[in-house]
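Structure provided below as structure tokens; questions to follow.
Labels for the chains are A, B and C, by order of writing; each one numbers its residues from 1.
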Amino acid sequence: MTLKKLAVTFALGSMALVTVGATSILAQSHVNSPDPSLGAPSVSSEESHIGNMTGHAGEGKQLYRRYCIGCHGPDGNGEGMNAQWIDPKPRDFTEATFKCRSTPTGTLPTDQDLYDAITRGFVTTNMPSWRPLTPQQRADLVAFVKTWSPRWTKGKAGAPLDIPAETPVTIESILHGRELFQKLECWKCHGPEGHGDGPSALTLTDDKGNPIRPYDFSSGSRFMCGTTNRDLYRIFMTGLDGSPMPSFADVVKPNEAWDLVHFLRTLQPLKTQEADLWMAYRAAHGADLKPIGPDAAPGGQ
Amino acid sequence: MRSRYFTALAVAVLLGSGMLVFAKPPAGSGSITGKVTYTGTPPKMKPIDMSKEPSCAKQHATPVLTENVATGPGNALQWVVVYISAGDQGSTAPSQAVRYDQKGCQYLPHVLPMQVDQGLQIYNDDQTSHNIHPLSKINAEWNKSQPPGSPAIDTKYDKPEFIPVKCNIHPWMHGYFIVLNTSHYAVSGEDGSFDIKGLPPGKYTVTAWQEQYPAQSQEVTISGSEAKTANFVFKVLPY
Amino acid sequence: MFKRFPNRAGRIRKSFARPLVTCALLVMAIVICDYQTASASPTSKVMAIPAFARKYGLPCSACHTAWPELNNFGMVFRDNGYQLMNDRDSPIWQNPSYFPITFRITPNWHRETASNQPIDSIPGGGTGSVLVSHNVTQAGFDLSGMDLWSAGTLFKNISFLLLPSSDPTAVWHFESAWVRVDNIKGSSWLNFKFGRFELDNLVSEKRFLFLSANGGIYQTYHFNVPGSINDFGIGDNQIGIELAGHDTNSYTRYSVALLSSNEGGVNLTNNNLPGGTASSRSYDGYMAFTKAFDLGSWGYQEFQAYAYVGQRPTFYQTSQGVPIVGLGNEPFYRIGFAGQLHFKNIELLPYFMHGHDNAYLGAGVPDSQALPAGAHAPTFNGGFLEGQYFVNPQLVFFGRFEKINVGQQAFDSGNVPGDYGNVTAYSVGYRWYPIMFSRAGLAWHNEYSIVKSIGIVPESGDGTGLPPLLPTNGVWSSSVFIGFDFDF
């Protein structure tokens, strides 16, 4: 009997002790919680604004610990426990350099850009779509991500690129896009057929020196920064900062950019208006087409 | 001790207020000249294979060599930036922009120093597209395509930084933007010599930066229009 | 079907060493099990899978509020067929040495008590011994059952799950085994599952936080009115096919399932397998519809309506008395709703069920015969409210209040009190996860649970498992549970 009472006392006592112990250990454990003092002067003051939603970094910090820390790390530098197994590597938020932006190269993305990236995820990487989180939670995460770099407190996001209405998809547009693909030397990395196998493809590295592959249009996969023609337009006009993909905003006019979009669509094994037009044209005039690549006259056509 | 400290402070304040009033650095005529050399065996610079870019390859009769440890006769070390890292009174950036060329799939010059907020113009003189990608960490990082015949890219940097520059399309292209807080700098030439001019009297820290080896500093005090000499010796390794 | 915690018979065998008593009690227990409805035994847990965490490099907390319970991200992942939909889900993208296997077991110390147990007045039950009501208390170190989990994708949009589960003595069964064709015609609204699987319960008993003998099941998920021969438990995995769908964030979900009327049993005629019943040659249907609403900074609020309509045999085709195939199927249904409400770090899970059995099932007589006098179609209303408080992703406190009221007794005779079979249950505990990363899971689990049942033994009340002497007697059964729950 005494033994039993002892056992019960032990049981209940240990429960209580462990509760207290656990709570106090957790209270001290900063190992797994991002330190707000890093990167930003004040976590709680950082906000994000997406539509009429306001995200709060304080809330975002909790969410970051729950969802993001494994890859992006307790210091936000992309060196989480899992980073070593991941390719491509997780984003280093302390540099505030982001691939998918609506803003010019070298500028900070808008809150909406970051929100869209979290929502969309990055196809063919370990970054999943976080659409299952509520919009408010995603907005909170945006606010917190911005605390990792002082650039956010000192600078403002760039002005979003103005994208004019899409021009009609015509064979002339596609052919001009093809000329641009040659002239702008897209093929040097993406390959003459868009297979991601251009002469420079294997030498490419990202900012951290990690090897990176150019997009292979023949994979038919979604683009990292979206799926629509507008997204495609935005990708090469803003460039993917931190990657070898430059901005063409200074050298491509808006209507030319749409031509390039239309041509790029023909490189994908997708059933699109562009692909249909192009297949028909190639069937009739394929022999007249100069192949893309180094044999074409330098500097154009 | 204490009074000395206050004197120094007063001088500093005076100097500072003077700067504010005149908004112009005191012009000087002192100079620091010297030579940058190396000891040890430098790594062999490798010939660059530009065959993937024939329009560039044909511009070079003999293959261009890599430039990370460029040496000259008499153990001279080229492309070393020597600059005033402390003691400079500061100055506004000159209105004259510095020029950076992409020519023959090389960056000319290999190392380009400039002052914070000074204009920087980047030209593509080649018959091929380049993407100019300065890998800045402190300044905003950007990456722009520059096809042949496009206008110069006009830009500047607002924070001091040593920025590696690369072209992702032509992976052998490497260069440096050296953004400094001072207007007093020089780059060592093929003979390793450098010449920093126009220094007002003062106590300076002179730093020599080389892309592959640790930077070195010396203290130099200039009075009047003195011409001082400061030589730097880098210890190099064959790998 | 296996129970995570030993079934009644097993428990008794463990508790009482003397062979004679053991035999007697075993017989009694088996009789009780057969007579008393709810032999559908709880509960093996389908659960947290570090196999997925390892595959995708996400920490446990990405998919689980507190493992094994899923959060919405985990729910979407599950609804997508264990795919993140990043074009890297197919196993061809995995390192060949990766194998999606997970083990889970919980070494523990637990203490079980039950009041009003019929105990021999003379131990051994010799001459002169009578049954008297007495308390029974047991305590000791123990093991849970073990789950050996494998799940993932066979190909892009073809997923699978295989869960061999063992009791603590390593007797195995297949708790779950299915293949699912996902995103048919590219639509997340069409997913087809085939095999043995968990019903689409919004509040899953397979992935909840409770482990103790009394708290480790939802009483409502296994309840049947005393006397009914229905063995259905909505918490038990069933065997059949399911068509299910969801929108991109799983705020809208549906499930329609067609299931064999044999409580998930395998081998068609399998009444001599644990937990199995004879083949009934009929089918049950289950439907669930779930809808969630976003409440801004509070979180999302999710509601589910469900209905299960089934049949059970009232007699059997036999050979020399051994049942072969069930005949005389009579219907029953369970309908209700469930909720998953979020208030920042607090989660509330309300649940309600109304159950109805045909009078022949209630009376346990073949439907070819006349109903005995006083036999009625039994009904009950059950439900619970569960609350969880997440201090952080590594510490969760939880509690639950559960109540089941019999609405209509199977027999309306004078000696059956109206509250016969009623159940009231309270559970509280916490789980602390000293580590939280993407390779393995470990939780320090403490829980206390107490259940009161009138005239019957509470479901899974570990320790004794015997109904009281009188139908008016209440049995209080309590569990204390302390253990390390780990998952690799």
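The rule is simple: a residue touches a chain if its C-beta (ideal position, glycine included) is under 8 Å from a C-beta of that chain, and two chains touch if they have at least 3 such contacts.
In this text the structure is predicted, and so the values were computed from the model without any measurement.
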Exercise. How many steps does it take, at the fewest, to get from chain B to chain C if each step moves to a chain that touches the one before?
Worked result: 2
Exercise. So which one's got more C-beta contacts, A-B or A-C?
Worked result: A-C
Problem set entry | Farthest chain (mean CA position) relative to chain B | C
For this session: Find me the chain with the mean Cα position closest to the mean of all the protein Cα atoms on display.
Result: A
Exercise. Hey, how far is the Cα centre of chain B from the one of chain C, in Å?
Worked result: 72
For this session: Compute the distance, rounded to whole Å, between the mean C-alpha positions of chain A and chain B.
Result: 34
Seminar exercise, completed: Rounded to the nearest Å, the gap separating the Cα centres of chain A and chain C is 42
Seminar exercise, completed: chain C contacts chain A in the complex at 56-59, 61-62, 71-73, 75-76, 84-88, 109, 111, 137, 139, 248-250, 294, 296-297, 299-300, 391-395, 430, 432, 434, 436-438, 444, 446, 448, 480, 482
Seminar exercise, completed: Listed in rising order, chain B residues that touch chain A in their complex are 52, 54-55, 127-129, 131-133, 135, 137, 140-151, 153, 168-171
Problem set entry | In the complex with chain B, residue positions of chain A that touch it | 95, 97, 104-108, 151, 155, 183-185, 188-189, 199-200, 203-204, 207, 239-251, 294, 298-299
Exercise. Which part of chain A faces chain C closely enough to touch in the complex?
Worked result: 4, 7-8, 11-12, 14-15, 18-19, 22-23, 25-26, 32-33, 53, 59, 62, 65-67, 69-71, 81-82, 85-86, 121-136, 221-222
